[in-house]
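I have a structure I would like to understand better, so I am pasting it below and will then ask my questions one at a time.
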Amino acid sequence: MYIRENLRWRVIWKYAWPSLLFFTIYDIVVCYLYGPLGFRSLDIPWQPVGTLGVAVAFYVGFKNNGSYDRFWEGRKLWGGIVNYSRTWAIEALEFVTSVVDAPDVQASPASAQELTIRHRRLVYRQIAWINAVRLNLRRQPELWDEAVAPFLEPAESEQMRGLSNPPTHILRAQAAEMRVLRESRGLLNDFQHVTMMRVIEELFNLQGGCERIKNTPFPRQYAYFSAVFVWLFALLLPLGLIGEFEKMGPSHFWLTVPFSVLVSWVYYTIEWVGHHSEDPFENEMNDVPMTAICRNIEIDLRQLLGETNMPSKIEPVNDILY
Amino acid sequence: MYIRENLRWRVIWKYAWPSLLFFTIYDIVVCYLYGPLGFRSLDIPWQPVGTLGVAVAFYVGFKNNGSYDRFWEGRKLWGGIVNYSRTWAIEALEFVTSVVDAPDVQASPASAQELTIRHRRLVYRQIAWINAVRLNLRRQPELWDEAVAPFLEPAESEQMRGLSNPPTHILRAQAAEMRVLRESRGLLNDFQHVTMMRVIEELFNLQGGCERIKNTPFPRQYAYFSAVFVWLFALLLPLGLIGEFEKMGPSHFWLTVPFSVLVSWVYYTIEWVGHHSEDPFENEMNDVPMTAICRNIEIDLRQLLGETNMPSKIEPVNDILY
Amino acid sequence: MYIRENLRWRVIWKYAWPSLLFFTIYDIVVCYLYGPLGFRSLDIPWQPVGTLGVAVAFYVGFKNNGSYDRFWEGRKLWGGIVNYSRTWAIEALEFVTSVVDAPDVQASPASAQELTIRHRRLVYRQIAWINAVRLNLRRQPELWDEAVAPFLEPAESEQMRGLSNPPTHILRAQAAEMRVLRESRGLLNDFQHVTMMRVIEELFNLQGGCERIKNTPFPRQYAYFSAVFVWLFALLLPLGLIGEFEKMGPSHFWLTVPFSVLVSWVYYTIEWVGHHSEDPFENEMNDVPMTAICRNIEIDLRQLLGETNMPSKIEPVNDILY
Amino acid sequence: MYIRENLRWRVIWKYAWPSLLFFTIYDIVVCYLYGPLGFRSLDIPWQPVGTLGVAVAFYVGFKNNGSYDRFWEGRKLWGGIVNYSRTWAIEALEFVTSVVDAPDVQASPASAQELTIRHRRLVYRQIAWINAVRLNLRRQPELWDEAVAPFLEPAESEQMRGLSNPPTHILRAQAAEMRVLRESRGLLNDFQHVTMMRVIEELFNLQGGCERIKNTPFPRQYAYFSAVFVWLFALLLPLGLIGEFEKMGPSHFWLTVPFSVLVSWVYYTIEWVGHHSEDPFENEMNDVPMTAICRNIEIDLRQLLGETNMPSKIEPVNDILY
Amino acid sequence: MYIRENLRWRVIWKYAWPSLLFFTIYDIVVCYLYGPLGFRSLDIPWQPVGTLGVAVAFYVGFKNNGSYDRFWEGRKLWGGIVNYSRTWAIEALEFVTSVVDAPDVQASPASAQELTIRHRRLVYRQIAWINAVRLNLRRQPELWDEAVAPFLEPAESEQMRGLSNPPTHILRAQAAEMRVLRESRGLLNDFQHVTMMRVIEELFNLQGGCERIKNTPFPRQYAYFSAVFVWLFALLLPLGLIGEFEKMGPSHFWLTVPFSVLVSWVYYTIEWVGHHSEDPFENEMNDVPMTAICRNIEIDLRQLLGETNMPSKIEPVNDILY
């Protein structure tokens, strides 16, 4: 996620120069053919170009809407992951207490030490889950050792990493621990048990929502033609303008170049912006900053556990927060 | 679902050539009538054509929005099916345990073997359900033996296949099994029982949502006129342009053909894209890839059961994932 | 709901001819006044007409969006009625069992015969409810005997029909039966009781949602001016075009008639389509097909009861499914 | 809420004449200055006016969308109030029964007479609440005696009326009565208790939703400039048109008046319609008909109590339902 | 939040004059170069400017939509905070009663005095939470002593203020108190316990929703180019108009200045309005009035506690409610 209020010009330039260069060369070629080489039939009336411009603006606007909605839905899902991570942690801490209140279970009350271990395991596994979801979305299994493993017990970590969808199995491990707490250890009563299972249901919904956006690109038929139409418009534009500039005075047709480049660039940029916002989980400039969110959750949850030795927040790199 | 970033030109060409051919012939006929045959009154002012172009662009944009929303709602529903299949599986595995905790039921604890059978039946029946929903949406009852039957017990499978809506009856079988587990076998307590019944409620909502989209096409009055208006616009377009090209120079009116074809094709394509995205469950290029999703769920759920001999993921055919 | 992929031309013609006739006469009158009778000041510049055309296209597009949303919300509500009817039926069948599990109730287990009667009554009353909602929305109380009464006990049916809102009282009868099953007969435990009451809450939401759309038309101020503006545009259109056609050649102004009629008709049709989709519960061509949906629910629910003598599905009449 | 299919012309005229008069005078002044007084520089090119027209149409369309959404959200909230009033009534009637089923409460079963009183109090207090919400939204505390007091016990009514937000305290009284029924009188069990408390939660959401719309106008920066821009456009319009009409013939510039008035009026009306639909709880022509809805709920709920002496439905006054 | 129906002209002027001044100077420079200095090639055809105007209007409209949605979502979240604060207070007051009804807890009934203290603590901590959320969103930790501390016990307040996210820990303190009430003191039964924990879950969702909007600006790529394109349009505008005004008569080109300024200002203002509505939690003119909402909640909740010595409502300052 780009975080400066205004984009730096060098960022804009970095993405803009190839298209600007192309438009400039193309428009010069058109003018050269029209003027010095006298291909006067390159001059076409403005009407089809203008109508095309309006229709294309509509279509690209439609695509931009869709792209933005995808980004915002992705961000909302990660917002939900923040919220339910907190809810999970607080329920783990305040439901799993020394009192044995599961019906029909005979067991001794939990010691403070046992509780510390159990709380830590339940909360750390949640931190493991958020990181595992992130790695899954960004296709970065190589970061497992650094981002997921520290929050799981070693055996669990090894078992999970080989499965096709590790986050699903991490949640299943949470559910299995709930079962033990309810049925064998007796520290969760039935109300608390189903309440926490409902949180797991929500976490599945959030995880699945992210996977849906990741696995289903913006429909290619919509997305692709948007670029095709913008290029068609940019190619027709100097043909429609050159005659109009010609009317302004001799050699004025050369002014077609800067103004045609300018208008083409605006259309191109509108399309480009939408195109690069389609997919919010690609580890690029316009992404949901999942690494930073995961770190924030980690800090929040570890503070709830009473830990004080916190990792630092993620800082933006070149104005981009990942 | 088409999965390449960019559509292949031969795919575009495959769908585009009939309309391009028609537009080309029509526009040549118009020019021939106007020029060589001298029907000068074919030349009409641009104003009504331009205004029509804007109004039609609006209308088609409205339809495209609606089509895309239908696709995305369909995809969301299948995302929900993924999520609740996982939730169902985890609840089946972690709620149905050896402990007899249903109130007022006298029964012996379940053996590991009994649990394995029960877990497998509950989870496989869910896999049967997702496939049955898919076949129902795609009207492919002939695939029952291959896609649904392997996940049901033979008698159950035979009984279901003849009913008007098999998925409904599969969920009813799940509910009946819940009842047995709660009331006779005693392996589910009341909390767990109603929690799993709530998942069935969600599955009914998801199934019904898909059936709603399938059975209710985009309202024909909206959809049909969108195509009619685009054709009207394409037919008027050369009449409006021919006079403008004529002004550019002698015989320039022939240039009406390429440019009119081009603009017509853009409008036609915008309409076409929307039209072919209306219905997301038709087993076509722009569909929700239900076969692939079903396979992914199957792999996930069978891994949760501890199985290791997995079917492979569905691969795209000609860039299309079904 | 119109079900053919493409509207039949005679359907279009049936609705289009009066407006086409009017536009034709009006445009001929304008041309006759302008040409033969020489009222040259009927010729006005195109600019105000074109600007009006764009503004009106916007406004009508806004209204079409609203109309479509109303239709789709109505359809979603009926989709919800399908889903919760299934949920209700399955809960009635699988919760109300022979076991007396309500706390503090002394009663004998239910016989198979008693269960059959109770299941049938609970499920049939749900079928009565969906039909009663439908008759209420379509203002067809005269169909009560045919559509609702067969699914209620005679006394109940007589009592309900006179009340101001029968569906509300049918759901109340369901709630009363739940109470008996929980408190006197003991066949429902508390978990099951509140779960089924939650379904009743959902059914009230669905019923009330339909009533809201029925009782609150699209705000008349928005809807009415949309038609007024389209007519204003259609009346100005030939005045703006006639001078442009005049420039094309002598007597070319008569060409104003066909092209003005065409553009007027497109605008009129866009408005017309939106106008006729505003209200989805009017028993007209563009309605939610409630009769067909009710019949489908009836078949589904009766199959769940084990009945085999099913009524047939509703077939479209003149391509329209009611 | 205006209820006629088509607005009466005198209603339109009532709101339209001041603006029409202003536009007419202004446009005459412009023409008089331009023609007889010869201020030829009043004639400006059409291009900036046309571009402004399109931009303003966009902006006003955006505002109309927002206004309509506010209205429809308000209507949905009141639909929710209808639905949950019914749910509340049915739960009060079918949960509060003669059986003492609260755990650990020793009390005698309720007599029919006691139940009648208790049911009536719970349901009437809900009627009091809907009316109190309505008076709060319309700022009509003076109607308390007529609309709220009859449904509360006198002491309760006196106590409530002085508080800053009476509906909140009415719901609190419901919650307090639930507590008594659960803890002292024993007529509600825990399941029923929390189920009804959840309805109170919903009612708070609905009440708060209405208050949010009431207290947060459409952001003034958006709303105000919409009117400013329409007026700017209307003032520029004759300047842009007058030269175009002048070209049509001598003295044709006077035709600027009717056509400029017409187009100005269309823009003004689009803005006006949006402006008057912004706030759905103001007791004006375009409001949510809360009085009528309250009366319908009252009739429904009193019929559920078995009462037969019903007040009549609210009738529209001058085609407006309040 | 600006609260006057119409913006004051001096408010508009305050924000408008720098851009008006710039546009005026720039347009005068253009005219001076074109006229007196004779740079005739500054005159460009209108077509690219007009097309740019339409495309930019689209793009800015898209951004305005997004900005408004962000504001309205922020307002809805605070509406939810109002609603759930009321629900929390009523549940605290009516669930935590003198009766010891937690299972397996032996304790004496609560005295009226104990209840008063407990009720006050639970409700005041909720007031502390809403204020802590507000300070967090506005980055005003320096107001802690005034806005949060008075509603917490001193030790709790000191402990919270140093943590990275105080509101999270305040809710945790609520959950911890629930646990004590359920497990040690016995004043909450299990039903009530999980019901109130569900409210805490909702409060986490509301808090997290606000943090999401705060921490995720409108994507900069969309937002920034919107301003860039408006400036490009404003810079091209006089070049496109000057030739058109020149045609109106000698020296008429100077009229380019006022009209170009006017149209530029309209575009600039549309962009400006959207830009200043993007972020609803910045303590500026267009914000969600969180201070006023917090005060209203405080009054409501303290009245529910039976307190009568209320703070006054927040009044607007210079027409702005904070």
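Think of it as A, B, C, D and E in the order they're written, each chain with its own count starting at 1.
Here is the rule we use: contacts are C-beta pairs under 8 Å (C-beta built on N, C-alpha and C of every residue); 3 or more make two chains touch, one makes a residue touch a chain.
Protein identities per chain, from UniProt: A, B, C, D, E = Bestrophin.
Quantities reported herein were computed from a predicted structural model and do not represent experimental measurements.
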One copy, chain A (Bestrophin), sits on the other, chain D (Bestrophin), after a C-alpha rotation whose size in degrees, in steps of 5, is 145
In whole angstrom, the CA-centroid distance of chain A (Bestrophin) from chain E (Bestrophin) equals 24
Cα centroid separation, chain B (Bestrophin) vs chain D (Bestrophin), in Å, comes to 38
Multi-chain touching residues of chain D (Bestrophin), meaning two or more other chains, are 50, 54, 58, 191
Beginning at chain B (Bestrophin) with chain C (Bestrophin) second, the chains that make up the ring follow as B, C, D, E, A
Chain B (Bestrophin) residues touching chain A (Bestrophin) in their complex are 1-7, 46, 49-50, 53-54, 57-58, 61, 64-65, 68, 71, 75-76, 78-80, 82-84, 86-87, 90-91, 93-95, 97, 99, 101, 189, 191-192, 195, 199, 237, 240-241, 244-245, 247-249, 252, 255, 259-260, 262-263, 266-267, 269-270, 273, 276-277, 285-286, 299-300, 303-304, 310
In the complex, the residues of chain C (Bestrophin) that touch chain D (Bestrophin) are 40-41, 43-45, 47-48, 50-52, 54-56, 58-59, 61-62, 66, 103-104, 163-165, 168-169, 171-172, 175-176, 178-179, 183, 190-191, 193-194, 197-198, 200-201, 204-205, 207-209, 211-212, 216-217, 219-222, 224-225, 229, 232, 236, 243
